[in-house]
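A quick write-up on the structure given underneath.
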Amino acid sequence: MSTQPGGAKVLQQHAGKDATKIFKSLHPPGTLQKALPAGSLVGVIDVDDAAKLGGGKDDEEQRIELARASLRNVDTIVCLDEFEEVAQSILSQMAASYYGTGCRFSLAFPETEQTLRDERESWQRIRFRPRVMRKMRHIDSRTTFLGMPQPVPFFIAPAGLARLGHPDGELNIARGAAAHDVVQVVSSGASASVDEIFGAKSPEQIMFWQFYVPSDRVLAEKKLRHAIELGAMAIFVTADVPVLGKRERDLKLKARSQNYEHPIAAQWKAAGASDWNAVKNRGISDIPDTAHIDANLCWDDIAWIRQRAPGIPIVVKGVGCVEDVELAAQYGADGVVLSTHGGRQLDGARAPIDVLVEVRRRNPALLKQIEVYIDGGVRRGTDVVKALCLGARGVGLGRPILYAQSAYGAAGVSKALQILEEEVQMAMRLLGANTVADLRPEMVEVSSPERWVPT
Amino acid sequence: MSTQPGGAKVLQQHAGKDATKIFKSLHPPGTLQKALPAGSLVGVIDVDDAAKLGGGKDDEEQRIELARASLRNVDTIVCLDEFEEVAQSILSQMAASYYGTGCRFSLAFPETEQTLRDERESWQRIRFRPRVMRKMRHIDSRTTFLGMPQPVPFFIAPAGLARLGHPDGELNIARGAAAHDVVQVVSSGASASVDEIFGAKSPEQIMFWQFYVPSDRVLAEKKLRHAIELGAMAIFVTADVPVLGKRERDLKLKARSQNYEHPIAAQWKAAGASDWNAVKNRGISDIPDTAHIDANLCWDDIAWIRQRAPGIPIVVKGVGCVEDVELAAQYGADGVVLSTHGGRQLDGARAPIDVLVEVRRRNPALLKQIEVYIDGGVRRGTDVVKALCLGARGVGLGRPILYAQSAYGAAGVSKALQILEEEVQMAMRLLGANTVADLRPEMVEVSSPERWVPT
Amino acid sequence: MSTQPGGAKVLQQHAGKDATKIFKSLHPPGTLQKALPAGSLVGVIDVDDAAKLGGGKDDEEQRIELARASLRNVDTIVCLDEFEEVAQSILSQMAASYYGTGCRFSLAFPETEQTLRDERESWQRIRFRPRVMRKMRHIDSRTTFLGMPQPVPFFIAPAGLARLGHPDGELNIARGAAAHDVVQVVSSGASASVDEIFGAKSPEQIMFWQFYVPSDRVLAEKKLRHAIELGAMAIFVTADVPVLGKRERDLKLKARSQNYEHPIAAQWKAAGASDWNAVKNRGISDIPDTAHIDANLCWDDIAWIRQRAPGIPIVVKGVGCVEDVELAAQYGADGVVLSTHGGRQLDGARAPIDVLVEVRRRNPALLKQIEVYIDGGVRRGTDVVKALCLGARGVGLGRPILYAQSAYGAAGVSKALQILEEEVQMAMRLLGANTVADLRPEMVEVSSPERWVPT
Amino acid sequence: MSTQPGGAKVLQQHAGKDATKIFKSLHPPGTLQKALPAGSLVGVIDVDDAAKLGGGKDDEEQRIELARASLRNVDTIVCLDEFEEVAQSILSQMAASYYGTGCRFSLAFPETEQTLRDERESWQRIRFRPRVMRKMRHIDSRTTFLGMPQPVPFFIAPAGLARLGHPDGELNIARGAAAHDVVQVVSSGASASVDEIFGAKSPEQIMFWQFYVPSDRVLAEKKLRHAIELGAMAIFVTADVPVLGKRERDLKLKARSQNYEHPIAAQWKAAGASDWNAVKNRGISDIPDTAHIDANLCWDDIAWIRQRAPGIPIVVKGVGCVEDVELAAQYGADGVVLSTHGGRQLDGARAPIDVLVEVRRRNPALLKQIEVYIDGGVRRGTDVVKALCLGARGVGLGRPILYAQSAYGAAGVSKALQILEEEVQMAMRLLGANTVADLRPEMVEVSSPERWVPT
């Protein structure tokens, strides 16, 4: 027992209780079979008996059960923001913190989580210049992503640990996405295995795969080839996580609860990762070369992946300035995602829509050389349409989907996508654009304080 | 009964109660006579008896009755904002929601209803550069609209369903407008019929007519000719409603109340409209060609209207950028209204005063070719004067008039117009402008963050 | 009694009570003797008896008396803002409203009183660029106003009805000003007579006189000559009151209290004015030529005054743009006061410091041709120093002095002036300016959104 | 007793109680021995007896003792802001006020303490332009200050009276700094003596010394030579205190408590200073030439210090515009600190990061001629990295260190420095900078309203 891969804390945190649920919410199936030493299985426990012995539902579980029982009907949801409102009542503290956290959080000092706030606010710095009297009976919101036809110009961004919010987790997302032919970018940090998730897809359903490249390139190649075999039709290489950002809501929750184990820490440790805390000398900090994610990822790795994924489009996710969009094009990537990783990595980074504005200002031709995707703070069809006016090919949504599946499972995901599709089409109609191609840069006005990039 | 044009919900909502009041607040007179199948009239009910049987006043009606009894005297109203304050107490939830709603609303996420808020705030981005020592004993606020003399440079914008707030609805507006020789633009979405409203006007009173062009052009022509016969002296063609915007306050109210029927939905259904929900394929959305409002309205329709309304000025209402003002002039319209439809259509659209600033910056000569009107968030005489300095010919008010008539009937409308007239004249006097012609662009300063229109 | 010059309301408001106090707070001495018809004096009343008969102190008087009894010591006041805090407790509602009001006020709509708020905030748009290592042992804050030596570069702006706050009213101001050799600009709307105020000055004390030019030029000349005889050493001609602004706090107070009489209305009526409400036709508004203040004041009147006040400097008060500063210089005025009349006249007018920035941007040479004074929202020595850096000769304070005298009489005024003097000298020392001449434009940075004056 | 150097108030404030603690928190050791006249020592008191006689713990001491007993573990602190939160509970009112105060403070008028607020907010006007795919396994945060190697690019800014928060005061700081090889700039206003502080340093530990130059240059030279003998490896000459700023939180506390003695006043008086209140004539204000700090400090004094401190780098602390950075370079200083003295001197001065932006805009070459340090409002590793991108060599922290040592002593200081080091390295890794030299200006974007410096 002392060799529990998740560490002693996890055991203390759940001692005497049925840990089945939390274990499943963090680990892909098969983890136990693979990790449990021979002879560790000492017997089968009757969960109901355990409950009677005091190992039953704790306060939080009771609170959640009660809230679930009185959840309002999913049909009454009017907009994506409401999924977040509703989900707050049925999420565990750990899930609420993990889903919600940006890089900083302090009640006393409201200037924290700068990027997280800025992302939400940034969409309002773009205003529409609508056109009228344009024969708007017919709207066609179809487009293509990396050559693949899409009914709508948005997709589900990779977001991990969906099972923290709902037992079916990522499978809910897969099912909801199928109902609307919307692309799901499968997270490498998913609480369901890639086999499970790709296994849940319908024959026609398009799924992309988010790739956290491990330091161990043998393992990396194995993972990559496996995802392609499973049917991944594009690879989203995560470029903005050489190290996991400082997510203070999680850290504060941990500080308040001695036995709290960060959900990713538990997952990584189970996977044998050793880089949760970096080894440090005074002023010199290294990440070991056995790290779960390769901190030494570089532009040449695009070619490395290309060789192992012939014919599969590659998209670099987590780009934050025009120079790196240019490099991505130069190194042969098929696309980039302008993203701050949900405001969870470098606090102080610009909102992605500001980066898109920069691309359009400084190098608009680039938008024809490489497909530019964007995510971060998107909640409305109008947000999607604003990004498309400025030249984005598609817009990703993360948190709203997590909240929708947490509260309502696949039905929530489906409802969210339906709302968004209707909003996008309405925004196009009211803006005077019959097709996605009609969404022109001059249909928006960018309002922002003077900004200066020193040189 | 199963063929009730308003749908089954309306029946459930009002079952067992006297539905006379809500019916009248939504439908022009004669609706029942026209719509009720022969044989449906089964008898006459005694309303007082019905009340005794439990079908009497509900909680909301009692709340409103009480509030009306203690309404402060209309003479104590100091400014237009106060009408809104006062009206909150005497409006039904449905009316408060319908009058107040913009395109988005969420208590938890204050960034919603962007355009609605922006409209109110936008007036403060204009500051005055007043002139002194200019002999200001005499002020003349007279102007002309489309060649017709006006005592003041403002008008009553078309705003529907006035009977939701007061039994006399649009007739109150007509009577109040008459008392001040102020133009009323009669709404096509009025709860009183055009016959009633035009019938209420005094011989000299000038009324314009807002035209929602139906898909059925035979019907369209019939409506147009009827309005002209009734005395409409200008046609305001609504250009910004190819589809009804997403008005979330209404939708949320509906979500909370199973039997709630959106007031416009009820009205449209009664009129036989089939486009409340558009028919959709995946990514392709069409509005049926039987739609209540023609989504395929286009600039050529100006000529179509002109032919059927010879000698009647035509104004395109709902314009949101300088390019469309130019097109309106080019296609022979006599005027445009810069408007966001009260922040109820495309959320994210710019405040109309920002559009006026754009016209003045980019093509000031245009302001001499076509009359430019404006509405949205106007509450003060100073707002009116700011718009005139920038080149507007007239300024429309919607919500304040609805609130004033809801609380006080015609007396409220009259008081509102009197306040506004005095405020306009005071602002002119303090600014150093004896006449409307003296209101010059250099009398204002436009303060706004840097804005960039990509090209 | 029906001919009471203040109107019937005043009588109703104070019926059965001792009206001595409110009468004295509004009228200069001698008013009763002049205005009371022969035979109206029917006897002498014993005030104490009246109190016993129920005509004694009302709730408000009791509240004030109690607050006065526990007033903190004037020596504990740290900054000018505190005078306002303290005064709130001891002012009558009428006084608090009259002193505090700007042109708009609505609790529900925080965007009102735009200019009043903007004035306070505007000072923070100016930031210092301080210089160090400059031998700052010695500071000399002396300057001249219109050629007259001053120990400090600030003065007491004219502000009326000081007796609303304290029985000694303007005399308190005169005494406090004397203690610090600070110029008082005597208000024409003072509740003490000019004779009283000038009578209270010490031989060396410099007082200026604010001139509201009456329509009746015979009366005007009489008033002007009288002020000069009394010792007025400069004339501040009020240019921004062709009509009294719409001061909504006062109007709302009046709306809540049937018998409320606006303090200025009472004062003007007593003086025989007939222009409280202007005579109006539809769209045409005139002020009668018997008006208390001449709405037809014009630039030629500078010469008219000059002839009647030879050798006396003339300053035009209430200027709001660079063009009018230029006209003032051209018409021979010795100075101007950039002012919005405390945010009480044209709401939406720019903050005076923004006008000063405009003068410096567009025509800095003008600052050498004519002395430019400024008031509005000044609360700190740093505010004074900011204005001087930008080219102002002197800075006026209104409300803080009214609040200080209301709470503490002459001692309050003296304390306020002492605080301000110390703050000015400290700001100079920390900024690196030994003398007023060392306060240079490059010592400040003006931060403001882009502003555009259309032409 | 009447000759108590701290004045009679101090005696009244602590009469009948054990004043040992407050005395020690203000005075370096040896003060009593030096200052107490012969014969004043009348006996030795038993502190426990005194407590029994009513001279025991007052309410505040009890409140603090209780809070200290339940202080959360220092290991649970997640970010520097939390030290301030925690410290509020265990600080005396005097300490909280002295540590927290800026130049203005008024609850009723939130625009006060402009510079203090602006400093905190200013860091958010800088946004990152991060680079990805750059091989970030290895991070090296080492740099040099004035030629001396440093593990991290930040230092502990001089901040006085550390003993107000914790009995060990500055010694805590020295010990915490030693644990992380971080430079401490020893405050001249320290509550521990320079001998004590330098005495506490480890052999390798680098300490700099903040120099408040006294008017008495014999004394000045003596102090300077003594600090160098003790091991000061650089002299930070304080340039921004010709007079102590108006710190209103302290003044308000004093106003509320008759016997309150400002902590610096007490300290200065004990040191024989006579300039707490400057001698003033009307409009002319002088500081006596016996002042504790020489108000006549000037650029020539750099040479004066250089002669007496051969080979020791000199840094001018408190610079607020590019012109003074240029002068510092010209007069041979080795560095400057852009600083507003924690928002405690000239309110309205720009945030230091704005000054750094100015230097980079106007004279970027200067950043190679002279080392530019910065402090003010720094709370995050990202703040440090932003300053370095713009050209700062090092970043100082004041208040966070005071709060950390107040709550946790040396362990708090150590924890604070550890957090900051990890944050700096994480920010570098996420930004794409392996070394300090890789932090380039184009990695940030400066967002700020248009600013204009008049000339």
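Order of writing sets the labels: A, B, C and D. Residues in every chain begin at 1.
Keep in mind that, in the parts below, a contact is a pair of C-beta atoms (placed from the backbone, for glycine too) under 8 Å apart; a residue touches a chain by one contact, two chains touch by 3 or more.
Here is each chain with its UniProt name: A, B, C, D = Putative (S)-mandelate dehydrogenase.
Note that the coordinates shown come from a computational prediction; the quantities given were computed from them, not determined experimentally.
Student: Taking all residue numbers used at the subunit C/subunit D interface, answer same if over half belong to both copies and different if under half do.
Tutor: different
Student: Indicate the whole-number Å distance between the mean C-alpha point of subunit B and the mean C-alpha point of subunit D.
Tutor: The computed centroid separation for subunit B versus subunit D comes out at 61 Å.
Student: Just give me the whole-number Å value for how far the CA centre of subunit A lies from that of subunit B.
Tutor: Chain centroid spacing, subunit A to subunit B, equals 43 Å.
Student: Two or more other chains touching the same residue: where does that happen in subunit C?
Tutor: In subunit C, 448-450 touch at least two other chains.
Student: Return all touching chain pairs.
Tutor: All chain pairs meeting the touch criterion are A-B, A-D, B-C, C-D.
Student: Which bits of subunit B are touching subunit C when the two form their complex?
Tutor: Those residues of subunit B that touch subunit C are 72, 76-79, 81-82, 84-85, 120-121, 123-124, 126-142, 150-152, 180-181, 357, 360-361, 364, 379-380, 382, 386, 390, 421-423, 425-427, 429-431, 441-442, 444-450.
Student: Sort out for me which residues of subunit C touch subunit B in the complex.
Tutor: Contact set of subunit C toward subunit B: 104, 106, 108-109, 111-112, 114, 118, 239-240, 242-243, 245-246, 248, 251-252, 255-256, 280, 282-287, 289, 291, 294-299, 301, 316, 318-321, 323-324, 327, 345-350, 354, 448-455.
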